[in-house]
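Multiple structures follow.
In the two complexes below, subunit A is the common chain; its partner is subunit B in one and subunit C in the other.
Coming up: the complex of A and B.
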């Protein structure tokens, strides 16, 4: 297997940082999935494509905007009309999906090298992300499993809530280090740990 | 100003990009009718009230939207996915 190189590497410093008075409010980590695959259905093929994703990943996806699911090392969620992202810690998920999704159904785009995945976890995770995005991060408005597409200035971000106090963020790899700086500076006041 | 994207729900204006007046009809690409092209490029109804316009949710789901907005109050009267809205219009 080829060694994974992180775009955050020069600024990825493990350990405790920021305000230590109240302990660590959030934990930041790069999750480095082996596969990040974007799927898009042709008009009228949404249902058929959603079913294929369910069969391949074994995850249940509701037919509502932003619906997603997580099981162990696999996650999938809708982020736009007729579009889904499938994430897996294992490599090669793009090929599996490409084999199952014909050109009559939709498109498969392997973004494993194009996106950086960052997990924000901890009791202050909602508060931290509220500083960056004009979204309601409370559990009622943003339940576990749901995903939203949004942007912080020009850094387009897909946010998947994978736990009560955990969010997985997907940003463009080329913007990832700059975004990482912003995330660290924003987490300074809560105290944060880089894992 | 908030725009209620049919997919994402209400979002801040900063996530959207204005894509222009939705009241005009583009002439056929093969058309060489100068006045029709002139009208398409330059003529605007300049509505004081409900105005049909295209927006893109560029900082979100990236869908193109057909929006009716009051130019007097900025109230958003309706939002639909542009493709679905255009198909409905064409079917009429």
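Coming up: the complex of A and C.
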């Protein structure tokens, strides 16, 4: 297969950056999933569609807004009424899901090229994201597994909390490099590592 | 005598010397000093000149309320004016200048204004600068003439011209309890809330927490107050649920308990750390708010009350106790309440001589008498200060007997002092409460406005509520040992001397508003507090009347013969204190206007493309080929497309996946033409209207499957079209089973156009044929290019044989490279938007310049697209009278008959005259046409087609372009379309 070129090149510089006096407060990385697939259910078909997600990915999603789950290389989460994102490090998940989701259930839209996934991880992750989004990132208000749809200025972002101090961000590919600059600049004061 | 550093005492770090300069003079201070305390320690009495009269002024307070000591902080080429010296933390290398003086602080020509004092009374400008009825300076012209000079003479500091290079950022905070203020009440509130496990933010506008406890003599639980504060803060700092925010001013209280706060992150440092902003703006959403914002001490208004050396009593005590600075050697106290007696003792303990305590009251408490005795002060009860003297610093005061609110005739007594500490009572800092509450409540015993009843979720604590003692703030949990103070003042706000005593008695020191100005406003009918404020400027500018508001109202109330409670007060609006514009703009300023880049962006740059912004997108305008003009470049590019083949990046086109069993039906409703009849693997050009029948957007939509369409929109309208579709699906036709998703970023697109386009594809496309049978006009095939899956649609914007090649965005550069390599033998040329525009103008295709929100489909000769077989959005209105009128402006072609370039926006007129008028339309797009060898344009002209062949003129007065043109068909080139169908 042809390799997918990251939109963050040539500004993706691995290593330690920013204020390094206090060590590295946050780690930034592009996770480059092989599949990013949007699933959308027709009204009344939410549960059936969540069952398909469970069958295909093994991930159980609760019937509440923003519910998500993670297991190893796969994640899934709701980001709007009747809409979910399924993310997999393996390519081709879109095809598998398309085969399982008939037109009576909903639609499948492959966004593997169209969204860029950036993980923000570390003890200052909450603080860093608090600079960009008007969201409460504390564990109580935003528990592990949950996802939220939000925006920083013009950059629409889906945020999935995949760990106690880890958030996976999905932004539109065309905005990704600009957003990456902002993320790096915002992380400078903590010291950050690009992996 | 001058103020000086006390030999010992204070909480400054005497071991650390910090250098700073004031008006170019090198001075030193200590860590823990503010600029104000360091200036006093260096013997500086005069720190600025007053607003109108240019009178010498000294430090008056020790806090945010400072009206006088405003300075300009200089960092390199940057100037930050009007910063209170009391709020500037000293750092090594600090450079400041005084303000509003010329040529120097000690000799200021503006001080002559003082001699003409009565001229500059309230309303001076309104009355004086009405010009004569006739003549060159009649009416407001006279004001405009004078304004320049007045603005020079009046005012505060001068801002710099250099762009601000500092960094600012925003932060969003969420908490259960926000405590504003960290005096005793704030600390207790934070402790109590933290103990219940709540998330607590504690915001303190100064560098250190503790408020008055940092300099008061009280002990708490046997510890000196400052040590108790340190222990409490250390304890709070260890709690994970507590966020301490020093140097953070909560400045605005907005709906739903959202508060704005400004954190001064690095103002106190010579250099910010890496990545550290200068200011950080916080938007805090709090479950509950505790307002523990304390109180401001008020001055008393008396003649000569602005002389350097006269300051608030609590400020004098704070300079002595916290900063180890004596504001004078021989100090008098002038008060109407007990709190100043405590200040007297603090000043005496720091080494000053307390010459006298002058109190307007006839009798005071035993506790106050004891404090006076300990301070060694002569207690002069029933007296008032009626005059002061001293050139640049207070030298002497005069006092007279005072009873029943009046100065009594009788002998005056002079007292030689170099500092007068004044206390006229206390006003709770109710500003935030006023923003989130009803009208403030006047308290007759405290002679102050108390917090209003709340309209949001806040409670008050401590001095903010009118309970001024530390014991009251701390509650019963702690044993507090502090002097017993009666805070209730005598109802004396102004000393109005009898006889021939004169001298300005200032109410608002910052704006030079005197007691006489207020009485003048009263006489002239500006009696409402709102009118008073605007007429006299009382309470305006940077201090917002924090110390002058209540005395001013009291004087107006007296003039009107009404109680203050009936006169009322102005309401406080945000901000509580100055907020830097940089912090409000934060990352919107310079740094973060996001750019949208196509997958081939870097390639364009490497090929010398000159880019321009199309909304947030960046697109190549032309590719530079060494020394070409823009016109030469696009003509070369367009010519290459017509002659052989060119390639253009079309990734920015809006792309929307329209999916679901009802997708075709939905498209039939949103487009004017039919899509349900479109076969799978075919594309169709579509036109959308707004409901009122005006053209909205156009583009091709590709049918990829029975229930699966890919809609393309213009780059500029992608977002609007998406909203339009979502609106109709969510609100108008929720029964339709259709999902729309933005897939603009999913696909990279390259249009390959020109007579050799097919041969380029044949050289690189695998797994599918691209010949006319496999890929007819408007057909779609899927295949591979260099191993990457692609989707190819044969459609043309240029009028040439052309294909749009779409692939996953991450493969965009890879596929583009393969297309360029395949095109090499045909001399493939990348072309930019200018050439794209040229090709489309030659073909007469419309874009946003013609679909401009005013044109109907008929105006653009797109009525062939209006289906008569079905309704669609806009169909009910598209035939209305106004939209079918024959004199509407309609699309035509224009050819310049003088071989000179045309420009967008230029008018088309029937005749040229001296003053051209009578426009019949305007140019929407223009170029030099390499195919025709002429300057041509598209235009919207009255009558449209009916004018083909007519002579007219371009009239463009803005760019001075006039000349003859011919109106022709907008299909300039290959009107039969033989090239693209070939």
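By definition in this document, the second predicted complex is superposed on the first by the 195 of 195 C-alpha atoms of A that agree within 3 Å, B and C clash if a C-alpha of one lies under 4 Å from a C-alpha of the other, contacts with A are read in each partner's own complex, and residues count from 1 in each chain.
By our rule, contacts are C-beta pairs under 8 Å (C-beta built on N, C-alpha and C of every residue); 3 or more make two chains touch, one makes a residue touch a chain.
Note that this is a predicted model, so its numbers are computed, not measured.
In the overlay built on the shared chain, the residue A:151 is in contact with subunit B alone; subunit C does not reach it.
Of the two partner chains, subunit B is the only one touched by A:65; subunit C is not.
Of the two partner chains placed by superposition, only subunit C is touched by A:175; subunit B is not.
Touch criterion met: A:134 reaches subunit B and subunit C at once. With both complexes placed on chain A, subunit A has more residues touched by C than by the other of subunit B and subunit C.
In the superposition on chain A, no contact is made by A:44 with either subunit B or subunit C. Legend: residue contacts after superposition of the two complexes on their common chain; A:79 is shown touching subunit B, with no touch to subunit C.
Within subunit A, the residues touching subunit B in one complex and subunit C in the other are 134-135. Contact residues of subunit A toward subunit C in the complex are 1-7, 9-10, 18-19, 21, 38, 40, 42, 103-104, 106-107, 109-115, 130-131, 133-136, 138, 141, 153-155, 172-175, 177-179, 181-182, 185-190.
The residues of subunit A lying in touch with subunit B in their complex are 43, 65-66, 79-81, 83, 134-135, 148-151, 156. Residue ranges on subunit B touching subunit A, taken from their complex, read 6-9, 11-12, 14-15, 58-63, 81, 83. Those residues of subunit C that touch subunit A in the complex are listed here as 169-174, 199, 273-277, 283, 285, 587-588, 591-599, 602, 616-617, 651, 657, 659-661, 707, 737, 739, 741-748, 786-788, 808-814.
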